[in-house]
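Heads up, the thing below is written out as structure tokens.
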Amino acid sequence: MTKLSNEYIEEVVKACRPFASRGSVVDHIPGLDQSHLTDLGVTIVTLDGDVFSAGEDHNDFSFQSISKVILLLMALEDFGKDIVFQKVGMEPTDDFFNSISNLEDYEGQKPYNPLINSGAIATASMIKGSSTEERFKRCLDFIRKITENKKISMNEAVYESEVKNGARNKALAYFMESTGVLSSQESDDALDLYHRINSIDINSLALAKMGCFLSNHGRLIGSKKQLISPEHVRTVKAIMLSSGMYNESGSFGVEVGFPLKSGVSGSIVGSVPGQMGIGIIGPAINKKGNSEAGGEALRILSRDLKLNIFHDSNVKNLDIK
Amino acid sequence: MTKLSNEYIEEVVKACRPFASRGSVVDHIPGLDQSHLTDLGVTIVTLDGDVFSAGEDHNDFSFQSISKVILLLMALEDFGKDIVFQKVGMEPTDDFFNSISNLEDYEGQKPYNPLINSGAIATASMIKGSSTEERFKRCLDFIRKITENKKISMNEAVYESEVKNGARNKALAYFMESTGVLSSQESDDALDLYHRINSIDINSLALAKMGCFLSNHGRLIGSKKQLISPEHVRTVKAIMLSSGMYNESGSFGVEVGFPLKSGVSGSIVGSVPGQMGIGIIGPAINKKGNSEAGGEALRILSRDLKLNIFHDSNVKNLDIK
Amino acid sequence: MTKLSNEYIEEVVKACRPFASRGSVVDHIPGLDQSHLTDLGVTIVTLDGDVFSAGEDHNDFSFQSISKVILLLMALEDFGKDIVFQKVGMEPTDDFFNSISNLEDYEGQKPYNPLINSGAIATASMIKGSSTEERFKRCLDFIRKITENKKISMNEAVYESEVKNGARNKALAYFMESTGVLSSQESDDALDLYHRINSIDINSLALAKMGCFLSNHGRLIGSKKQLISPEHVRTVKAIMLSSGMYNESGSFGVEVGFPLKSGVSGSIVGSVPGQMGIGIIGPAINKKGNSEAGGEALRILSRDLKLNIFHDSNVKNLDIK
Amino acid sequence: MTKLSNEYIEEVVKACRPFASRGSVVDHIPGLDQSHLTDLGVTIVTLDGDVFSAGEDHNDFSFQSISKVILLLMALEDFGKDIVFQKVGMEPTDDFFNSISNLEDYEGQKPYNPLINSGAIATASMIKGSSTEERFKRCLDFIRKITENKKISMNEAVYESEVKNGARNKALAYFMESTGVLSSQESDDALDLYHRINSIDINSLALAKMGCFLSNHGRLIGSKKQLISPEHVRTVKAIMLSSGMYNESGSFGVEVGFPLKSGVSGSIVGSVPGQMGIGIIGPAINKKGNSEAGGEALRILSRDLKLNIFHDSNVKNLDIK
């Protein structure tokens, strides 16, 4: 079996970096440009607390869609499963992550799931707090806690850009207002929170810690304190598995085989249950929105380290009698 | 922890049977009618070979959509992953299982995945054999082998009905011919094989054995012989998890949490990795096509027996260093 | 041939009023409620200037979607055909008038045509003027001129309601901003102008005059002054014929056979080329958004008066050699 | 005003022929290939019986989609409006002519209109006759009669090709069988009739005569005998106007302004009410399926000869009092 080490991660980064040339860097997010095309940072944090890392793992890029995982976790804690899933479904969709037409399709015209843009705006409306500032602060505190990094903060330039380029998200929010998913009081605030949380700067270490938190059933490593209930963590991982990688979720489920969530900044968070968290930053994304080099790294890691949840080495034969 | 026993399964059946009244029995399949509305058979076969069963577990109903799992397993063995997934995708869809419009959507107009009708017709075109008879015999032999039941056979009346009511499947096949997914040589044969395999009669014990075979990584219990390669079994389970329960796959992923496949006869096969196979027959189905009582039974079993793949009791903490 | 007279119109109103019971009155527009269910006003103004009218022809209801015709006429005059039809198509659609999914379908993601909501917001962005106030004043002046009624004005309560219930229109506008159909400068102003012009109060006489203006090729009766170029009037009539009656445009084309435009207030404007304008107000609308009693009145008028553009009595046999 | 003459048509052909280079010739129809790319035949037959023609007006090409007009005319005569429009709608669609997804959209899952493939297969099921041969013979006789050409016949090679490449049409027919639009008795026969009538060879003179027949309200020139009732002719012309030119019907309505129907062989039939029929053959088609050079010819003819139905010179000011 492949032994986890910094050298091994180094090799993976080396092998995968060339895949970046198949993708392109989104051009509307401050801090991201073609100069980052071949960046690739890969960090693994095991449940024993060991860290293995290589590549551009210190570069901060904005959270983007990975924020959807945070919003879902917090909404579940704040309002519980029943209320959350009245407002947003848990079904995978074959439409794009910013699709608005799929809001015309699904029952009650609610978003298919919380990991597409419309769904994340819906969960953003279910974060408790007396103001957007307070709600955002709660999200930020939570992120700092699970990544054990108090310096994490919002990137003002990215936030301004999110607002300026936010027309599609506005369309999604107002469409949901028109169908009653959001009230007229909620839509502007939910949008603003969504734009803020998307603008948080994060690196691959922080992402790996976040994945680790999910792998550890909602607890920090070495702590018995449940920051999020295990049931909610399971719910989030199940939805990440079926819907976390945009329109490639199915093939990542087959070829990688554990919960993932990607963002258009080229970031990916991965959670290998009971084993490790994985954080990846590789800004060159494909047409589906996923990091080219990052996706390849995940396929290699899963194969080498036998990380697929259905791999026999990961299946605990319980005596349940 | 709940102890598995016939008495326990009996209780589950008793608790779930009333849910049947929410559903209805499809009326076009010979052998299925309203007299079976409240039927419910639940069988569990563990990887130790123990069998726990209750309810109408001896009634034979036709395979219907569960055949899609068999076709996919055999196509993978016959042609390998690369060729199979050139013809059919592995992505979940939000359209109905017999949708034809989604063939106009997806890249190359191929089916989204092998567990919707169009996808199963595509995999049916990739079963080796010199004639439909031979191809069907290979499928039937395989089913008999993995269910350890040599008496399993096709129900002629169901087959006639499948052919007679096969217009939608014909439409799917010819549409795929028109877009080059199937050749003009393949479409009629693939359709016929699909109708035959759908017409195989099966009971909950056989379904549980089939699930067990998947849980045991492609081997019969007590045997080391790989009838299907572990990688192909993993692939099939990943696709069952994201797409096995029609348009409720996402919520079953959250609430049940292991690979499942349902059929409109009200059957469900479940595979709990490393632990057990589950076979359910409950003909009263909901609008999405899933057994009402059977779905409830799965939710209860998953909760009581902690069968969710993400439950911490199922997660093996590997020392991978 | 049926002779046009007030008595005849009276009979038509009497015969059609019962059809209102098949429809319902929209409940979110101030001034419209169930007390108007069986209202029906029908007014005809011929190109000779004769007026025939009956029923509730003095009730003022808001313009709603009929405003789309005005916006298209003015945009064509202000910017010309080439620029207007770069921003909006001229093709009929099978989607609903407030559909947003069809903005994801069509080439360049522009609206299919100017007579659906998205298309009207796009034309509203092409009305010249240094402020929304000025642009609205130009529209209002134009409406007053072609209806020869200086008292026509905006209903403040309706406008407030349009803004309050404007989430769907906001979604359409911002979606178009996201795809570049509208600039970020244009969307809010276009929306506001659209809400204002929809809120103008109008009765069946004014609608008939408006239809007459179109029938008279863009001139007031008795005037040779072209307020709108004949080519633009032809363009507008062609689009009204294929797309003026929401998802019933085709059947009105067959059964009535001249350009029409309806609004959800139950209003309809009709233009019989060279002959007359027709104004109808009948607030009980069907599920497609068209006045039940008004639609029936149009079918009767067309049949009795042989108004179908393809009726041989309307076809001038030109000697074109 | 431009004077109609052979010289004038010659000029039009000369001016439009270069537009062919923007299009391409479909490659699956026998008799059509790149050697015909710049062919252009334009024929006008006036209601006085005069013929003006130029270009490749003697080349025979297969009928293709123009057959849909014949099928609709005959179905209306055989079964009447009510029965025909129970099976097929009269609404324009924004989907492609061979779309199958729009059969999942529309009420009762019937075809939107009779001028798309699904709709024509539906009307083909409503032609009276005891066998497909008899039904086809009736269609052929009717075409020979209205084109006053007894030599018109089916091209066997084209028919064979239609059958061989008929998978999409089969898909449409069986889909309609699956939703009850067609019975299982009807689908195969309707398909076969549809393939046969599409394979009839025709030239621009015959198309012009066909257009003339429509312009003359269902009578041959010089005859008072109604071969088709005027009401059915009006119905067909209204549907041609909104849906005759595939996904460009709207813009042809604006820019040409009279009923048209095109086929993928590059043929177009036009009917200028009360004035003339127009037949065009120009095999280089654009992506929407319409002849590039032929479309341009129609725009020029409409402008020069003022053929738009809404042009004031075509509008008869009736004294209807």
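A, B, C and D label the chains in the order they appear, each numbered from 1.
Please note the rule applied: contacts are C-beta pairs under 8 Å (C-beta built on N, C-alpha and C of every residue); 3 or more make two chains touch, one makes a residue touch a chain.
As the structure is a prediction and not an experimental result, all values here were calculated from the model.
Hopping across touching chains, the smallest step count from subunit B to subunit C is 2. Chain centre most remote from that of subunit C: B (centre = mean of CA atoms). If you average the CA atoms of subunit A and of subunit C, the two centres end up 48 Å from each other. Inter-chain spacing, taken between the CA centroids of subunit C and subunit D, is 31 Å.
Residue positions 102, 105 of subunit A are each in touch with at least two other chains. Interchain contacts (touch definition given at top) occur between A-B, A-C, B-D, C-D.
Subunit D meets subunit C in the complex at residues 1, 3-4, 46-48, 50, 89-95, 102, 105-106, 112-113, 217, 230, 233-235, 237-239, 241-243, 247-251, 253-254, 257, 273-276, 305, 308-318, 320-321. Partner subunit C is touched in their complex by these residues of subunit A: 99-105, 164, 167-168, 170-175, 177-178, 184, 187.
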